[in-house]
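Just below is one structure, and these are the notes that go with it.
Chain lettering (A, B, C, D and E) follows the sequence in which the chains are written, and residue indices restart at 1 in each chain.
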Amino acid sequence: MHERFANAFDPFVIPYMIGFVFVIAYLVVALCYVVKQLPLSDKKKMVKHLFSYKIFITVKDIFADCLLHVKIWKKNKLLGYMHSSIAFGWFMLIVVGHIEIFFFAPHRVNLPYYPIFFRYFMMETETTVGGSVFFFLMDFFLLMVLSGIALAMIKRLRRRFFGMKRTTRLKWNDRLGMYALWCIFPLRFLAESFTSHISGGGFLTRGFGMVFDWFNQFINNDALIRPTWWAYSMALMVFFLTLPWSRFTHILSEALLIYMRNAGIRETSKNNGYASVEIYSCSRCGLCLDPCQMVSGASLRQMASVEFTRNIRWGQRAQALEAASYCLMCNRCVQACPVGVNSVQLKLNLKGADIQYRYPHRYDYVESDAANRPLATTPAWANILQSGAETAAVEKTTGDAAPEVVYFAGCMSHLTPGIERSMVRIFKAAGVGYTFLDEEGGICCGRPMMLAGDRIGGEQLMARNTEAILATGARTLVCSCPICYKIFKDTYKLEGVRVLHHTEYLLQLLEAGRITVRKGAETGVYHDPCELGRHAGIYKQPRDVLYRVLNLHTTPYEGKDALCCGHSIAAEGMPYKKRRMIAKDALKKMTEKPVDVVVTACPSCKRAFAEIGTVGIKDIAEIVCEQLVLPQAQPQK
Amino acid sequence: MKETIAIIGGGPAGMEAALSLAGRGYKVYLVEKTDALGGHLARWDRLFPQQDPAQDLLNEMIGKVREADDYIEVIYGTELQYVKRRMRGLEVMLSNQTVLQVDAVLVACGFDLFRAERKEEYGYGIYENVLTSADLERKFKEKKVVCHDGRTPQKVAFVHCVGSRDEKVDHTYCSKVCCVTAVKQACEIKELYPEAEVFNLYMDLRMFDRYFEQMYHKAQSHFGVHFVRGRLSEVSETVDGKILIKTEDTLLGRPMKLTVDMLVLMVGMQACAATAELAEKLDLKVSPSDHFFETKDLFLRGNQAHAKGIFLAGACTGPKSLPDTLQDARSAAESIHRYLTD
Amino acid sequence: MKDFGFGLKKSGVMDLDGIDWTLFREIAAEEPSFMNCFYCGTCTATCSAGKYTGFNLRRLQLLVKRGQWEEVAQRIPECMLCGKCQWVCPKGVNTRHIVMLINKKLHARKIC
Amino acid sequence: MKLEGKKLIWKDYQKEIPDDKYFYVRSCIRQNMFPASEHYFLKIMREDLGKDVFETEHHTTCGGIGYHCDVIKIETIMAIVARQFALMTEAGYKNYAVSCITSFGLYTEIIHTWQTFPEVLAKTRRQLKEATGREFEIPEHVAHASDIIFKLRNEIAAKAKYKLINKKTGEPLKVVEHIGCHYAKMFPHKGVGGAEYPYVLAGMIEAWGGEIVDYPERRHCCGFGFRQYFVKPNRGYSLSNTHKKFESMEPFKPDMIITNCPGCPMFMDRWQYVIAETEGKTYGENHHGIPVFTYEEVAGLVLGYDPWDLGLQVHQIGPEPVLDKIGIPYDPEAKYKGAAGQDIGKPELPENICCC
Amino acid sequence: MPTLYERLLQDVRFQEGMKVCMNCGTCTAICPAAEFYDYDPRKVLDLVQRKKEAELEALLKSDVIWFCGECMSCLTRCPRNNGPGLVIMALRTLSQQTGLFVHSQKGRQQILLKRGIGENILKYGYCVYGPTVMPEAHPELGPVWEWEHAHLPEVFERLHGNLDKRGPGALRRIPEEDLAELKSIFDVTGTTELFDDIEHYSAEKARDMGLDMDAYIREVEETMSR
């Protein structure tokens, strides 16, 4: 191998170098920017992580996720191959290219463009084994990348080929980056092929080069060589220059995201630092589109997480806010994201930043004597209506001994009195000493407020409820609404109080033999409420309960793949008609195989499906209550 | 030719009944006191609930009546003078001295619009920019919906229940069509002047029939019409000729005032002026509570008058919408047919 | 000026002539269901906050449409956003969003 | 505005008003505040028009203010009214002329109640007999004094020395009429022209050359409100209602106000002073107020009586701008003199409103 | 013991004024009190027609019934021929007879009206009697009244009145025998009893408030209304 030019330079490297320097500069600036936004503790974690043994895990993760795209492989093999062939192939081209330099032109190692345009600057003077190996390797990885690119093109045209119903729609900046990316490797292939009669080449480049040579004998013209190298360099430049503004930023940020995540950094309540890395890490792969029920059930494609991250990245706050106000926060997209972008948290943060109404919440009325307050409309009328309201005063059963259980039905359960009544009957049947905290209507748990992005308001409500719950002296809190359950369990500080959803509690009662049930003839499927399933991880208990009371069938939409009923409290902006479409769609999917009853464990889900009215809907508490075997009934058996 | 029937009133009810009877082969004298068929329909621009042009319907009906001239004879400019019972059937004397020997008489004399002047506090006939729904309909028809001084109205208020549900004018009943007409006209104003603020002052919105509630929904959500639950209490004129109205927003429990450029009074229906006279001539009963003709009952004999051989159709037996009037007319024809064939 | 021991009282009549109509239209633009309300009061009947206070969403929505922001500003912070109202609304009004938007407008226009 | 529309309505409210032989009863407030008005009613009736109007010293208050302050029971008020009727019956009269609007409203209301509930009438007869030994007949006609002046308006116009016309411009004076609430609001057919467009004062103004101003708050109460005025802490109500009326009439620039109620001229007069002194606002030209007159005062003026004989000096708002416009001569020096021309001092001038 | 509603029904004003209300609000729309007080005659009628004893009692105890100015404008407009003003009068009478009026600040003012207007009738035969209309208590009557009041005999002479003299004329002295007849009417028709009720319940309230009657009157006189 010999260098062809003593100065080791050709003007066509300039575009590439512009792009290269730009990307390096961008990387440094962006990294500083991100780190600056992090809280001090997170900065420390970043540094500490670099020197801990866990750095190896991070390297492994980056290799697996960023290059091999193992997560995508798991979800979709073809898509996985497409991503990894491009990423890993390109990576290997870079690695092997550098090694090649070390072998053949070690004095040029300091020229960053040299490995990129290696074939142009070198000529093959003799065929060696080492040379052939490199030729083969380089051509092999080039072919790999080219196959990936070909698949990418196909994906744009025929997404069904990849088993995807939907893929992202691209804006001009993404298109520019993508077309540049698509051009890079075919141009490299052409340039190397055209040059191969000088530089030599492997099976691919030399092979095509020979075809070209054959043509060349007629026209005897090497005029195409330098233009193709120019084009190759230009394509690289365009790709690099558009990198910060295209979806391909994720190539860089994803590695940083993995590093940060492994360093123990998490989302905060503001969308900066870690969150901005997340936003930039969204590759717009579109894997979140199909799981999103807003997209599949309600034709609200523009509300999908992938569009949200895009809007937020490009400062389209109004659209981003709208998407956040539509989002059901069912977490199906988070689960599908191969990069691990927690877009639900990002949406919550955005809502929180938008709320910022330093508007004083006024919950002083929920102070202890609240229940005895008169219904007031306007001052003068208050006096008159007082007389009627006095009779409605609540008698709290805070007796001498503390009850075993404090039951908190939740606001929504008041709209599904069947759940409350069933729970009360079950408590009585089990002989549980309980106090029904919000029997006459209580204070909201605060999660709806939190899901609206209003932390301050939520915390005020939490403080009130904490006080009321602790005042009962009960050691167990049972709630019927998964929304309440989630916040009671994760956010409240209820010292010494076990927080259980009634699904868990029912199972405990059954296992402890405090209640007995008979198995009915009904067939049913269980619908996992988002807040109870994906948000709180309660999958097993309801099923263990249900096996005892009915013939439980399964559907493909269970556990982590469970559907949302569409009536999430989070989606304050979604029109009712859309909610209903989602509910209808979800119910239709769950009852593809007909069953007698769809059982759920959330008053919202129950109401949402009940409104559709195509099949019987019951809460798990109701069905357990129906199948209760009461002590006096047993002797007859 | 089969039996002969005299129909008093050439409005939609009279025409539709005439067509139904003609279709069954009866001879019909259609007695109309004015020079033209159509009654109130002829003065209307568009019809609720789907904004069909009134003229189209009228033309179709008049055309059919003309086509059926073998069976239907229209006598214009004439009123009923007296009716005598004969051995078989009835003898009808008209004001032009024509005598008709008929087997049955159908009264379809319709309704009169409430005279808005009677609600003195609303200032109709005193303040120029206070109109009735009929006045506005005429303006729509003439395609010239402007204030008295030619300005484009920026604020318009519609007042429901004018002359309906009001003991002060002895109309304790609901006129049925005013609510939906008010919503229709409010939407039409918004179509014409999208920037205008339109207010509907109602007590109950009686959107009882097909597509009515949808109209109301559209008025709210699409046109942004303001609905204020409160009965108009007083109207006065400001120094610049605008109309100041006072009402209570009863849903808020607060009195409210508002200046509008145009106030539209949704005048209700009342028994037509000839009711008492016809009742005497034909020996019919008039309801003491609403002054419309009584029918034998409200169910199976809803078109039969208390006198033998006399039938009733349309709004002379109480307020009716146009579709109801037409159905009632067809049902009256069926009643007459049964009576004559029994 | 003389003190007579009494003075002019503030009129409680809603004068709709001085109303800024744009404000509620803004809310309607962001949440179209705002215009659907026909003031049936189911929201108020089920309201968790209304049990303890005079919080009355039907009334507040109407007050916004009548431009009477003072009372709205006084009452709106009592809402707990629990969402029961949204469930019972027969017209599919996104009540929670409306409360949030009212808050937002109050803040943006500094009507507090 | 279309006057024909009003005329159409006026036609529906024709009231039968006898033009002679009245038994006259006075008003509490007018006796205190406008004694000359009642005097001139009698004088014009008797001397200018030659009518028989009888007055007895034995009649008392009807108790209407006490009744509307809710401290007098309805049975009591009926008996007092019955006693007045007994005096009329005893004096041989059948037509009853009332100076006060509150009384007039009460008389019509009570007669209506007696007619609707005969047992109530029987009870009143019994109670009056028991308490005083008197018996009574219900008058054939109850007329408010302004009804009678309305009826005789053209006769007055015929004898008039002045017209309600701006001497300088030749334009008719713009006159706001204010009708006492209890005149026709309860029983529209008992008032001339009905409750919505009463004609009783409008007719006088029309006949005497002026032009009536129809402003939005025209029909509304001056804000007396009985207990809302008499109890000092409540007076803001009264003041605010008058204020509302003045704010509403202001753009129409009226020259004067004519009233037929005892309290209204006092309140519309005095509240202008209070508004000026508390808010600094005046409604007339050049920091004057808008003069408020009783119908007798206006009748007296057009007939050419001396303004100070008519008692215009006891109004807080000076009548001078109107007198000047019409061209009625007056002696400013004599304004606050006694009956014999003696000096009895004079009131201080207010700070914020020009009262002369 | 008849219920409050039954007692209301005995009042002819209630029978005249309370038929069936359809809550249209024409009364409130033009009510002078509804404009300046937290008052809504429509709501009063609606509450009364619910016939709930507890609500009625609360109503009779409240300020609400004392806001009306009894101008009767509501009568003209009501499409159902109700008279909210008449209903208020019946409610006020009942509130005084049952002693519930002392529960509200506005109701307590009745003692002032009884001692002022009410007693004037018996003392002078007039509801209002000029010499007792003190300029200090009525600053709004202005400097003209101050002057007039200071020179009442002269002013009345100038204005053709008959102040405190026998014979007909403005503000004449009403003969004793006529005043005696008025007193007799008061006794026979129950107003004397009503006066006693007002005094009795007010005195009771004064005791409850720990005030003597003079201090109670001052308290009532000076408390500004809402």
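General remarks:
As a working rule, a contact is a pair of C-beta atoms (placed from the backbone, for glycine too) under 8 Å apart; a residue touches a chain by one contact, two chains touch by 3 or more.
The structure displayed is predicted, hence computed values, not measured ones.
Chains that touch both subunit B and subunit D are the following: C, E.
No other pair of chains has as many C-beta pairs in contact as D-E.
Here the chain at the heart of the structure, going by C-alpha means, is C. In this assembly, D is the chain whose CA centroid lies farthest from the centroid of subunit A.
Per-chain Cα centroids separate subunit A from subunit D by 82 Å. Mean C-alpha positions place subunit B and subunit E at a centre distance of 49 Å. For the pair subunit A and subunit E, the distance between C-alpha centroids works out to 73 Å. With centres taken as mean Cα positions, subunit C sits 36 Å from subunit A. For subunit D, residues that reach two or more other chains under the stated contact definition are 195-196, 219, 232-237, 239-240, 244, 274.
Listed for subunit C are residues 2, 4-6, 9, 11-13, 32-33, each touching two or more other chains. Subunit A has residues 377-378 in contact with two or more other chains.
Within the complex formed with subunit E, the subunit B residues making contact are 121, 161, 165-168, 203, 229-234, 246-250, 253-256.
Of all residues in subunit A, only 325, 354-363, 365-366, 370-371, 373, 375-378, 382, 411-412, 414-415, 440-444, 446, 448-449, 452, 454, 457, 461, 567, 569, 572-577, 604, 607 touch subunit C in the complex they form. For subunit D in complex with subunit B, the residues that touch the partner chain are 1-2, 4-6, 8-9, 194-197, 214-219, 251-252. Residues of subunit C touching subunit E in their complex: 2, 4-6, 9-13. For subunit D in complex with subunit E, the residues that touch the partner chain are 26, 28-32, 35-36, 38-39, 55-58, 60-61, 63-66, 68-76, 78-80, 83, 105, 113, 116-117, 120, 127-128, 130-132, 134, 181-182, 185-186, 188, 195-196, 219-221, 223-228, 230-241, 244, 270-271, 273-274, 308-309, 311, 313-316, 336-339, 342, 344-350.
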